[in-house]
C-alpha cells in the first residue's frame, strides 16, 4: 500500500508539467461549442499533438507515449492543474479509439487514429435516438445491406450527439438485421458527417451553445471498410466503449482535484464574507475530489493487476457526477448575488457558472444515474432484477 | 388569509397555558415504556383528565371540551411548549377513539371512552403481523364465528404493537372471512390484553425499553359487543384511523415547534464553540417546524371548510418524520463528543438522544415513507401505478 | 383564523393564469433575452390592465393598496409563467420607495404612471441586489444605498444564466431622499417575498412539466413515470413545494400586520421556496434527461430562472442567518 | 505505486473475519453492555493470539511494529464484527503514548503486557475523548491533557447510546510525563484513523445485512429488494462506502510516511467514513422497518455503534474544520 512514483513516472510528470507551463494558453479559449471556439480548440489539439501530449496512453506508432494507466492519470492531473483547455477531441480519443485499437482493421487504424490524435478530424458519438435514450437497445435506425456497392445504407435519426454540430465524423450503432431485437442485430458504423444524405441539426444546450446535435440519415452509404468489428456484433463492440465512458477514461480525477483546489482558493478569497457553513461544504468538496483521486489509484492498481472495471464503473460515474454538481453549487453559493453572472467580468470569467451548467449534464449522460444505481444494486449487491 | 385568534380561542389558549404552568411536572417522568414510567404517565393522564385537558376535542359528555380543530392545535402547542410528558394514552385517543365515535355502538362509547380519557385503560394498537408490515392487507390472523357464544374466536399473531407491553386493551384487524383476500373479509376487534389465550411478549426498542410487543392469540373469545363497525368491513373502518395516524392527529406541530425552540436555545448556549454550519442547520430545523405549523393551520382551514386530508396525509407524514430526524441530528451534532450520552447527567437529561431514537421510528411506522411517496406520486401527482 | 386564500385570491390567480397561459410567455421571454422587448412590454400592459402593476400603489395615487398576500398571488403566477421584466422592482419595491420619498424630490417619477403600467422603474439595491434588472425596459433606474435613494444611470449589460434577466450595472446619482429605516426594511422584505412567490410558481411549473413528461415518455417498454425512483423524486418535490407555500403565506400575513417577526418570516419563506424550487428544477432535469438540457425545450428557461432567483434578493445563506439571529434572540 | 492491500493484509483480514465470525460477537457485546466482561475479555485474548494487540508495540517490546495500514485492516474487522472493548485506546493510542513516555515514569505500565494481551489500558483525551472507554476492563486508565500524560482514576459510569461503550468519567492524577507535540498529534490521528476503519467495517456490515434482508423479506407479493426505491438507497450506500475506503487507506499511507498532510488526510477519512457508515445505518433501518428498530435483532447494535462512533475521536465538524484549514493554507 503506497502512493510512491518511480523514477520514470516522476520524470514523466515533470516533463508534462514543464511542457504545460510553457504551452497552456494564458487566456481561456472561447467555448468549444462555438465556431471560433471549435477552431481554437482544434488548434490546441494540434499543439498538444506536436508536443506528443494529445494521446499519451496510445502507442508511439500512433502519436502516443505508451504511457501506463498511472501515467495517464498523472498527466491528467497536471493537465487540469495547469488550467488547460477542455478536450474537443475527447469523444474520439476516449470512446472510439479504444474500440478501434481492439476491433479495428489495420486500414482503420491507419486511416483514423492519427487525424484523431492531432485534432484534424474531430469525432462525434451518435448513440441516442429520440425513442432510445436510457434504453439504448430500443434504437431503430437501420442499416440495409448493399452488396452491389459493398457496403450498407443507413437511415434514421440520432440525437444528443455531442460535438456533432462542428465535428467531421461520427460513430454509432444501427440495426443491420431487422429480424433481431434489442441488443442483437446491431452494427457499429463510422461515417463522415458531410456524407451525402446526412443532415446535422445543432441543438443548443442550457448554456446556449450548440453542444450537441441531431443527425438525420437518408440513404447514407457506408462502405464495408467503415464497419467497426463484425456486422451484427455492434452492441458488444459498443459496450466496451460505454464501460470506458462511465469508467476511468472520460473523467479523470485531475479535473475534480483542480476544481476543488480552485474552490478552496475561492473560499480563501471570499470566505470571510461568506457564511461559515460554506466552509464545511468546501471541505466536503475537497474530500470528495480526494476520495475520487485515491479511488482511481486503487482502480489503476486493480486494472494493472489484470482486473476489470465491470459494474464499479457505475459506482464511479454516480460519484463523480454528483461530486461535480455539489462542488459547483458550493462555488455558486460562495459567489452570492454574483453567482448568476456568466460574462467575462464575472468571477473567474464566468467559469464557475459554465462549469456548473456542464456539471448538470453529468447525472444524465452516459446512462443516467438512475440506470447506474440499478446496475450497482443488481450487479454489485445482487438484488433481484424484478420489475423495478 | 390571517392567523388571528378570536376571543374564545385566546381564552382557551390562556387557560391551557395557565393550567399547564401549574401542573406540568418539574422533573421529567421516567420513560413510559418502563413499569415505573408507565405508572407515572398514567397518573399524569389522570391529572390531565381531572383538569379537563386529556381529550380537549371530545364532546364534554365524554370528558372533553368540544374544542375545535384549531383549538386542539393550540392546546398541543401549549402542551409541548410547557415541556409536558409524552402521552401514554395517545394510541387510544388518536387512533381508536375517532373510530369509536364514528362506528361505535352506544355501549362501546359508554364502556370505553371515559376510561381511555382518564388513563385508567391504556390501549395498544395491533395492526402489523410478521408477514404484514407495509403490506398490511396481507394479514393472516383469523376470527372464526362462534354463534353459540355470540362472538368470535381469534387466532394468530400481531407484532410491533406499541404500548402493548403494559397496556390493558388492544384493537386490531382479523380475517373473519377466509374466502376473501386482501382488504376484504376483515373485521375490527377490541380485546383485553389479559384475555384467556392472549400472550404478550414485550420487544425492546433501540433505546432498550419494551416500547412494543408481539401479541399471540390462541382461541381468544371476543363477544359481538367488542366488534367495532360491521363484521367484514374492518379495512374501511381501520383506514380512517390510518388516515388520522398519518395526518393531523398523531403529530401536532406543537411537538416540533417546541423542539425547534429548544434547539435554538441549545445553539445559543453552545453555538459559540460549535461550527458555524450547525447554525444554518438550526435555522433550517426551525424553518421546517414553522412550515409544519403554518401548513397545519392551512389544513385546519381546509378541514373546517369541509375538505378532507386524503393523500395530503402522506405529504404531511413524510415531512414531519424527516424534519424530526434532521432536527435531532442537528442537536446531536451540536452536543459534540457528548452526543452519545443518554443518562440523566447528559445535556437535557439525555432527552436529545432519546428524542433522536424516537424520531428514527418516524420514517418507518404508520406506513414507511417509501409507501407514502408512492401514495403522493400516484394519488396526488397522478403517476401510473405500474409495477413500481 | 382562516389561513387560506379567499375566493377573490383564487379568482385573481385564475385570471392571471388564463392571461399568461395564452400569451406564449416562453417565446416572449426568449425575445426579451435577445433584446427584443416589444412582446414583454405588451404583456406588461396587459398585466397592468388586470391590476398587477397597481397592487402596491396607494389608492390615492390610482392604485389598489393591496396586501402582501395579493402580491404573493400575482408573483406566483408570474413565476409559473416566466414573465420577463422588472416586476419585483417596479411593482413591489419602487412603489414603496417612492411612496416613502413622497414629495421629497420632484425629480422622482409619479406613482400614477407605475399604477397604470405606463411607467416602469427598476431598482438596484446593493449588496443583495447589485444590478438593475432590465434597465433598458425602464423609464427610470433607482439606486438604494442603505436608506439613501438616488436616480442612477444604467451602465454595462451583464450576462445572467437566465438570459431573460438583463442585468445592468448602475452609476448612482446624487441622493434625492433619505428614507426611514423601517420603510426600507419592509420594502426589501416585500421584494424578497415577491421573489419567493416567483420561485414557488416556477417550481410548481417545473414539477408539472416533469409529471406530464414522465407520464408520456416511454423507455424499456413502459412510461418512465412507473419507475419508483422517479416517482419518489417527484413526490419529494411535491412535499417541498407544499411546505414552502405556507411559509410564504405566513410571511405575507406578518408583513401585512407589521409584525416584528416579518424579517424572520420573509427569510424563512425565501430559504424554503428557493430550496423547493431548486429541487424541482434539479428533479425536472433528471426526469427529462437530455431534452431538459437543451436550449430549445422550454423547461430550460425555468431551470435557469430558478438558478438565478435562488441568489436574488438575498442568498439562502443571508436569509438563514437572519432566521438564526431572530430565533436565538427570541428564545433568550 | 501500488495503492492496494497486499495478500498479507487480505490474509490477516480473513483470519480476523474467521475468528470473529465464529465468536458470536453480538452476544458477547450484549453481555459486555450489561457489565459481564468475561466473553469480551476472552475475545480480547484470542485477538491477541493473532497479533491484534501487538500491532503498534515496537518489536523490541515484543510487538509487531506494524504500519497504520495494518491497524486499518484490523479495525475494519473489529467494526464489522462489533467487538466490544477499548481497542482503539489499548491497541493504538496507549502504545504510542507509552512508547513516547519511555522510561520517564516507572509508574507507567510495560508495553510487553499490552503486546501479549495480558494488559489492557484505556485512555481519556479531552476534549474530543472526554471519557475513558471500558475503564472497568482495563488495568490502567491514562489521561492525556494536551501533552501531559497522567494515570487517572475511573469515576462514574455514563450511559452511551451504544451500551457496549462503557464510558467512565476520569479523575486525572499527577502528570507523569510530558510528551512531544508531534508524537501526541500522530497518536491521536492514528486513533481517529482506527475509528474510521471501525466505522467503515460497521457500515459494510449494515449494508450486507440490509442486502440480505431485502432479498428475503416479501411484501406485496415479492421480495422488497425488487423495489427500485430500496435498490437505489442501497446503491448509494455502496457508493459512499467505496469512496470512504480509499481515504482511509490514503490516510494510513500519509501517517506511515510521516507526511505533513497526515492530519488533513486522517480528518478526510474520518468525515467520509462517518458519513458513509451513518448513511448505511439509516438505510439499514429504513430497509428493515420495525424489526431493525428492535433491541433483540442484532442490526440495532450496529446502528447504535455507528451513531456513537460518528462523534468519537473528533466530531465531523472538527475534522471538516481541519481539512478546510489545511487546504486553504495549501492553496495560498
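List of remarks:
When the chains are written out, they are named A, B, C and D in that same order, and each has its own residue count from 1.
Please note the rule applied: a residue touches a chain if its C-beta (ideal position, glycine included) is under 8 Å from a C-beta of that chain, and two chains touch if they have at least 3 such contacts.
What you see is a predicted model; the values in this text were computed from it and never measured.
In this assembly, A is the chain whose CA centroid lies farthest from the centroid of chain B. For the pairs B-D and B-C, the larger set of C-beta contacts lies at B-C.
Computed centre separation for the pair chain B/chain D is 38 angstrom, with centres defined by C-alpha atoms.
One simple way to say how far apart two chains are is to compare their mean CA positions; for chain C and chain D this gives 51 Å. Separating the CA-averaged centres of chain A and chain D is a span of 40 Å. Shown for chain B are the residues that touch two or more other chains, namely 275, 277, 279-280, 370, 373, 387-388. Across the assembly, chain C contributes 227-230, 232, 317, 320-321 as residues in contact with two or more other chains. Residues of chain C touching chain A in their complex: 127-130, 156, 158-163, 165, 167, 218-220, 227-230, 285-286, 289-290, 292-296, 300, 303-304, 307-308, 311-312, 315-318, 320-321.
Of all residues in chain B, only 128, 131, 133-135, 138, 159-160, 203-208, 212, 274-275, 277-278, 332-333, 335-343, 345-346, 350, 353, 356-357, 360-361, 363-365, 368-370, 373, 388 touch chain D in the complex they form.
Residues of chain A touching chain D in their complex: 1-6, 9, 70, 260-261, 264-265, 267-268, 271, 279-280, 282-284, 286-288, 290-292, 294-295, 297-298, 300-302, 305, 312, 315, 318-319, 370, 372-374, 376-378, 380-388. Partner chain C is touched in their complex by these residues of chain D: 227-229, 232. Interface residues of chain C, counted against chain B in their complex, comprise 1-6, 9, 67, 69, 207, 211, 214-215, 222-223, 225-228, 230-232, 234-236, 238-239, 242-247, 249-250, 252-253, 265, 268, 271-272, 317, 320-321, 323-324, 327-328, 330-332.
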